[in-house]
Structures are given as structure tokens and as C-alpha cells.
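Worksheet for the structure shown next.
Every chain is named by a letter (A, B, C and D) in the order it is written, and numbering of its residues begins at 1.
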């Protein structure tokens, strides 16, 4: 039985991780930590846990954590994460980190989009935890950087085309819409119900931090630098990300060829479903699946993907990574 | 042309009042004030005003206000309101006040549900601005207390039965559901989209401040003390209040008798529509109408009403009161 | 391993039952049937099943069903159900029926609200499957009438007060709001998104078929006839029922007394949670829990309950009943 | 006073047109027609009209229409429209047609995306009613083809760049999200609340009929053939279209240059607002405004536009066209 600590248990990815682990036959939550004002009974923090998890959220005690946990899911925001992760690793605990701090390998890029990096040493050894594309690197890692929500859906949508060199590596458009849970649990004017309801809008125009992360994953898959334009939008629903990608084939391809390529590429992947008509986010809500529909329109490769941003885009993928780290069946607890 | 100042223009009832006044042929907004951090161009505060109102929101300057306005719509919260209203009245400006400060005539009741009252003098002269029930008192008033959103819908639903003494004046249930705009513009955990969406819940159990206000209006209509239980709930929509009321007839009545009573009672009211099937909040969204469906079920009088909480439940009713104060047709700007 | 057939697998309660059974360690779906135009791959009917259930929905073949299934979940509408159930029972298959056909014991009442009853023989032996109130009758039954969604939430909310004779057995108000999935899968004008969204409205005024069902359950619990007024409303969300109940204590009680009564009454029930503040439907969405908050307001007993209408109000409760029928832990597959 | 007939008054664009005309000081609705099963009191068809319009919807009587109306708003679907329009024109009534039948000038393109055209004669004389781009052609026309909802937002977003030859005329991406009212009033599985709520999905991949319409308008503005890829999606809200467009500048431009270009281009347009940050559909809901935010990201021109699909994308634009046809101020009734 794998013993799991959740650091930053007071946020949405924390509770999603708890819910998955409650159904996981080979893992159990042994420790929950959060900020002092979030230290309370887990069911007082999240009403949906009432009767299912009788555990207090406590202030972090590193010694205690090291004694009771084999792995920590670190659900902290960037910058905060890189202050804790070295200590966790030093205490011999494996870490799956939800922040951006260990995702971007190029420190200069990280520091351009985020801020000064304070743990370059561990950054060098971190692996990017998108199993479908980088599974072999994850096995045996001590520190997994769990991918961002948008990068998960976008990278899976583009990977087959890039791996096979079928599209140009510049001029790619990724136009995505996320549900509001992607914005986190803190109330704000933008996500206040009377503003967000009956609304949809673009944000982060030209500056969203997931743009370089998608480019990094795409470049790794392509084997050469990929340059793309990522534009996020937020819509009036709780969960899910729809990514619509548009790219230019190097030479003409048909919809049938592209469909076959995707079916072959993902044929052994338990969590990627190549579907034969446009996908809908509701079909993957509360699941770890990514549904992808690839086609060709007027000569362009047009590929849509949908995921649940909190599951495949965060907590589900983290458990998937945990299963890999501990040599469990990758789908355990996730179906 | 009536010149209107809006005090507290940064909230939802402020912008609703502006929108109505932009369509009003005999009134115009001449002055907008708000808290310092809300002082900006009106269209920067509310995107929907762009191109329609080129006016700054300014810090309150009482002298200026008195020069440019005949009437002030005071869209401030309780307690704040009673600090400003005496000054406005002193400057010779009529006031339509949106807060609860001048609604409850019994100071002891006010102070039980709210806090110490600091302007009892003006309270004594304020009139309760529910035109369909208290129109004659409104004409000629200097200070109108604009009713609360729930009390508007609930009082109109119950008034015909109470006026005619057809129901018992105790044991009445008013079970209401409001849209989220009723909670105002400040972000909070309860109204954060990912919490409020796909949700509905009761609140204010036994302690909601609109309970004594409904009782006061109901008692005035009945001519004797009315005691009722008011239970509010909030649901995942922007606008509207549905009130479902349940009461006990003194002697048996039929659905047809009750329907006839309501049609007669409201036959000259431009904003009350007695409808022949259960109403829906969407039918009155963005209007000043109240739709009411009265019937009898298993011997109980069951009456439903729907209003737009921001229009008939706030800004529309304020303009209706303004029209009465200035001898304009009551429906002007509201149809 | 219990083998389960689902009859009427093309509706919402069918797919919910499938989803639960996919997680059930001691039961498996062995047969899916539906109307001819719904006979297709399960994942084509419900996108969320893709990759999780590789099974066709087939036309009903009673002989086949009897060979492959120990129990049938009969997710058919009323009238249709009572045409099939006798055959299923005759083939030696246990039946958990989702329709109203076997819920109402008084044929005259059934026929007043529904239509002529064509299977009075089995009706006489059917048990009403609300385990928290009638568990002992369920064990060993061949035919379980799975309760309606509203009656489940309402009966659990009122039962402790009625069992202990604390409230009057007439004049009870049950005012409920359901999510739209309660209206089923067939498109209609009332549930068309642009009508239902941003809307809430009462329906079934005085005639809703769940009124006599709630009365029957309440009367059984009270040990004498209970007469109540049930009023349903529908709001703009997918899942959940909030029931707000108002009743008159026989003698004065305090909120604390009522709370203690409820905690005692349900202290051994795994799926009923007596909570200390008003509940929200989102807290029980996708779970088999019923959360109840009992209190006293102005002398009235006011009790709120929330359930997921498709889980505790339908498919979850059916699996709970199945677990009882087959001597499995009652919570299996449901936590 | 312009007398207006509405043909096909039973749909969403019909009632929107009625609502606008009720506020129009120089026009009045004189005749409403619809299919026989929609012939009822207007307020029975649309609850929000109760008390505001006391008029029956009648079967079409061409002689009567010609007597009581100066202009007909023809809110019929394609194919049906071209069967009626010749008769209306023959009766001397001006026509503003909401269908696609008179929008596509190239009959071969129309017939590829729609069906055989049966009124080529009037098609030849119809003008495309997008006032901001084709105002001079609208004046004096007898038949105005009111633009589609997506083409309105997309064309206004792209026009300044195309008119000035700043972007390449191929490879343009238009990725749009519409609210559900765009799908019309007929219930269907795709727009059933429990399916559409909490959902977003692409549709019409490669085949949407608005693609050639946008290309036609864009080509007219550019003065040469424009080839673009239009991808629509539908999201869980009532009203609004957000269009995100991505195109390649011919030579490098800055965000500031593009912003200035747009401000100049639309500086005299009352209904186009070039805004300085990303727009939100809620800001234009229930208005005739189009808000546009143009910028440059990684060398690409990125332009967002938002409209209300039923107002600027249909009924508002029709009234705007009507005002032009009858030499009224273009904004009358629309502000």
C-alpha cells in the first residue's frame, strides 16, 4: 500500500487527488497539509468528503511527513513549490509536483514567464510527467513535474503529427477553452458567478505561461524547435478543456490518413481515445481520458482534444504518474 | 427633464439604474459617485456601458450633487446609507434609498436584525416604496425606502389574500430562490463560479433580514399583525426571484375564486401580471414585471411570484417610485 | 459475482447504473437492453463510457436474459414496466424496478395518478426499496420498487420527526427543486437549453405523482395517515434535489433537540449525513449520500435534505438495494 | 411611422425583433405571422411579451400584409424564405430576409452548401446587409439579405486588415464559440439542457455554411479572393458569439499599429467598439454592439470580436438595416 501525502490539500487539485485515492486499491492518503487557515477537518473544507474521509488537514511537519508517506503530491502554486520540494526530496520522499517550477527545462524561459528559479539542481533531474509521450523517463524518477492542464490536452492533440514530421513546426495555432475550475479556488471578480455565468472571453493574450510549456513538449516530440501560438479562453462551466488546433501539413494529407496515424499512435494508450466525430468536454468530465478527433479541413490539419482539466489535466495524471513510479498498473484507481 | 444622481454607482443596482435611465425620456443621469477605488470611467467599471454613457464615476461632493441633481438614487449598503441620507435631504435633494435603513418602521426590529439606527428622524418620515400596495403614501414624499428584492415578490404574492382577510395571519410559508446577482458584486467563496455553478442551497435560515420586512408589509396590507416564515435559497442563475408561498385559508376557497380575486386586485396595475399557469423567472428577466400565479392545492392557498431581483426588486422599482415622485406616468422608461 | 441486466439502458438511470457497476467489485453488467432505435454500442449511446465498457445494447431477449443475469435493473417508464416485470420474475430473475408501477400499494391511488394497473399480483409482493426506512422488508424480496427521486429526499428529511410523533401529520409542506436530469433524456421545449438556462419554475402544481408516494412512505413511518403538500420546481443545473420541508411540532421543540433526534436516528446509516449547517446539492453530486439539516424556525420544524437525483434518487439506491438482496455490504460500489 | 410585418414570428429572431420594435419610436409591429401551430397570442408564445404586446400571431395572408406593412422582416429558414420573398416583393413590400437564401451571390456556392436556388432573379438584386462594410449598397434596396451571426462577428473582426491589404488572404483561421440560442428554438438532443450544460464542443467541421459567407464578405472587403478556415463551437450560455481570428501579416506590424488601424477604421461606427483589452460576450449581451480587440502575438495578427448573436447577429442588425432603408438615424431603437 503506497502512502501518499498531499501538500496544499485545500485547493481543487488537492481534493480531486483525495477523491481518486479513496478509490485506489493500492494507495491511501496518510497526511494532508495546507496553510494554517485551511487546517480543519477535510470534510469541513470539502463538503463532498463528508463520511468518506475522516482526516484533519494539518500544518506541514516535514519529519512527520517523511515517516508516514512514500510520495508527496505537491499541490502548491509556483514559487512556493520550489521552496518545499528540495526538503521533501531530501527527506527521501518521492515528489509529484503540480506547479510549473519543474516543468520548464530552460531556466531563462522559466524566468521570463515566471520569476527567478531557486532550485536549479532539482530542476535538472525532474522529468516531465506526460506518460503518453515521455513514459520511459518517468519510471525511476524521484521528482515528476506534473504537466499543466492546457499543455496536456494540446500536446496530446499535436504529438502524432509532430512525431512523424507531417506538419510545419511554426505557425501552429492552439485555441483552447477551459472551465472555471482551472482558475482555482480563490474568489475573484473574473470568476464571480454573476460575471462568469453567461460569459466567455479570451485572456492571457500572448503572455500565457503555458505557451512555452506546450512548445517545449511539442519540440521534444518533434525533435526540433516548434513555435506555436497558444490562446486560452474561459467559458461558463466547471470542468474541462477543449483545445482546437490548426496546423499546416508539410505535404498534402487526407483526413483518413491523419485518422489512421492517430489511431496507430495511441492504440496502446489506455487514456487516449481517438474518436470518429468531434468530441465534447462532457464526455470526459470526471475521467482521466483524453478524447482526440483529428481531421483535415481545406488542407489544414485540424485536431480537437478534450480533457477534464482537474483529472487528466492535474490530479488524475498525477496518480497515473504515481502508478508508474511505483510499478503499479498505470490505470489503477483511474477507471 | 429630471436630473438623477446615483450614489454607489459601482454596484449592480447602480448600473441597472443607469441602464434604465438611459432609456427614460424624461430623466437623465447627471452625477455618478462611488468609493474612491471605484472612481473611473463608467464604461471601465461596466463594459456593457461602453459607447452608451460617457461619464466618470466621481467621489461624492455634496455641493456639486445638490446643484446638478433633483433626486438621488442611493445604492449604498445599510448603515452606510443612513450616514449619507440626512445630508442629501438637507441639501434639498429627494432620495430613493436602496438600503434597509429606512424600510423597517419599528426601530427595535431594525436594531435586532441590523444594528443601532442613527437617523430615526428621517426614518419616521420615510415611505415604503412598493407602489402597488402603498402608492398614495409615495406621492409627495422626500424619502422613499425602496423595498428589498424578496419582500417585493413575496408581498405582491400575498397581498390580495391578506387584504381580503382570506388567509390566516400566522403559519404562512414563503420559500424563495434568488439568482446570484442578489448577492452583490463582491467576490466571495459562496458565489465563486465553481462553487455556485451546478449548485443550490438554503441560507439565512431563521435569520434573514427580509423576514421582518415582509412581515411589516404584510401586516400593513392585512391591517393586523402577520407572522410568517421566510426561507431564502440561492440558485445557479444571474437574475430573478421565484417565491413559492403556502398559506391556510380561513374558510375553504377554490382555485377559481382565488384567481378571480387576484385578477381583480391587480387589474389596473401595469407591472403585475396575474398569469394562468406557473410562472418562470426567465419570463420577467430584464423587466419590471411581477408575474403571479395563485391557486389552491389540497385546501392550501399556493401562490407563486417571479420578478427580476435587480429590476422590480431594485432599480426598476426605484425608477417607478421616481416617476411617482415627479408626477410622470408610472411606466415611463420601464416598458 | 452478481450478474446484472439493465433493461432500458438508453436513459440516464441506465447509464448511471452502468457507471456504478463498473466500480462494483462483486457485480458486473452482463446484458444491456433498450428500444430498437437505441440498440448500438454502449459507448455510442453514452460518450463517457468509451473505453470503459465494450458492450452492445441489444433488443430484449428474455431467454437470454434469464441465462446471463441474476438480477434485472428495470429502468423503464411506468406502464411499460408492469408489462415486463411479470415475465422477468417468471423467469426467476430478481427485479429492481425504477418505475412507479410497484411503489404505490393502494391501487386506487395509483390509478388516480397514473393509469389502470395490470399487475396487481406482483404489486402485492413488491417492497418499497428505501433501505434506511424499510431495510428489513427488502431482504429476501424478489421485486423491489426503487423509490422516486423526490420521495427519497423528502421521506428521509421527515422520517425522524414522524417516527417519533413530534410533528402534526397534516399541513406539512415539501418544497423541492430538482436539476434537469430529473426530466429524462428526451428533448422537450421545457428543457431546451435556451429556455431552461437562467430559469427556474414550479411545475406539477397539485398533481405531481410523487405526492402520494411521499405520503405513503411518510404514513408508513408515522404509523398513521400523513397528509402533505408537495411542490416541485426545476432549476438550471444537471443533478441534485434540494427539499425544504416545513412542519408544525405537536409540542414546542428546540433546534438542539431536533438535531440530536436526527443524529441518533441516522447514526448507523452509511448514506445519511446529518450536517450542522444548510446543505448544498453540489456536496452530494455524483454520490449516494443524503445530507440533512434539521432545525427549528419560529416554532416550525424546518428540515432540508439534498441528494443526487440520479444516484441516491435512482441508480445508487438501486445498487444499495441490490447489495441488500444479495447479502453484500450495503455500501459496496457506492463509496 | 414605419409599419413592420414579421414573418416567422415564432422563433427567437422573431421575438427579438418584436422586443426591439417595441422600443423603436418610428416603427411599429403591425402583423405577425407563423406556422399554423404557432398561431396564438404573442404572449402565449413568448411569456416575456405579456403585457407589452397584445397581438395575435396569424397565418400569412399576403393581401393583408401588403395593406398593413411597409417592410417585412422575414425570419424564415433557408429554402422556405425564397418561396415567400418573391411574393412579398411583388406585393410592393420591402424585405429584410434573415435566411441564407439571398446572401451568397455565387449560385454554385449556394447550391453546394444549401440546395437548388429557386429565386435567382431576386438574388441578383439583393444586397448584403452588413452596414459597417456595405452601407452605401443598402440604401434604396428592396431586398436586404441580413447576414448570418458568425459572418457578422468574423467579418467585422477581419475587415480593417483585409481592406488595407495587411494580411495574407489565405490561411486565416476563424475559431468561434456561440451561445445555444444560435441553434434555434426547436428542442434537440444536442441542445437538451442535461447534454449542453457543462459542455462545449466543435461542430460543422469543414462544412459549416457560414464559411463561404464569411469568405464572400471578406473577399469583397479585400478586393480579391480570400480563403479562410472557419470553425464553430457551441458553449453553455444563451447568447453571444466570440470569434478569435488568427492571420499572417504581409509584413511585420506592431500591436499599436493594428490598434490604431482599427480605431481609425471604425471611428464613425456607432455599433463597433474597438476596445483596449480582450472582450467578453457578456458585455454586449442584449445590445447591438460589436466589441473588437485587435493585437499582434508572435508576429500573427490576433483579433477577437464579440456580438450578441440574436441582436447584432440577427434582429438588431435587421432593424439597423431597416433604419437605413427608411432614412432614419441608424441607431434608432437600438441604443
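Heads up, the rule we're going with is that a residue touches a chain if its C-beta (ideal position, glycine included) is under 8 Å from a C-beta of that chain, and two chains touch if they have at least 3 such contacts.
Owing to the predicted nature of the structure, the values given are computational and were not obtained by experimental measurement.
Undergrad: Measuring between Cα centroids, what's the chain most distant from chain B?
TA: Relative to chain B, the chain with the farthest C-alpha centre is A.
Undergrad: Quick check: more C-beta contact pairs in B-C or B-D?
TA: The comparison resolves to B-C.
Undergrad: Hey, how far is the Cα centre of chain B from the one of chain D, in Å?
TA: Roughly 37 Å, centre to centre.
Undergrad: From the C-alpha centre of chain B to that of chain C, how far is it in Å?
TA: The separation of the two C-alpha centroids amounts to 39 Å.
Undergrad: Among the residues of chain D, pick out those that touch two or more other chains and give their numbers.
TA: Only 179, 197-198, 236-238, 279-280, 282, 285 qualify.
Undergrad: Can you list the residues on chain B that touch chain C in the complex?
TA: 171, 173, 175, 177, 179, 195, 197-203, 205-206, 227, 229, 231, 233, 235-240, 242, 244, 246, 248, 278-282, 285, 293, 295-298, 300, 302, 304, 306
Undergrad: Can you tell me which positions in chain A touch chain C when the two form their complex?
TA: For this pair, the touching residues of chain A are 22-23, 47-48, 50-52, 198, 270, 273, 275, 279-280, 282-287, 289, 291, 335.
Undergrad: Which residues of chain D touch chain C in the complex?
TA: 12, 179-181, 183, 185-189, 191-194, 196-198, 236-238
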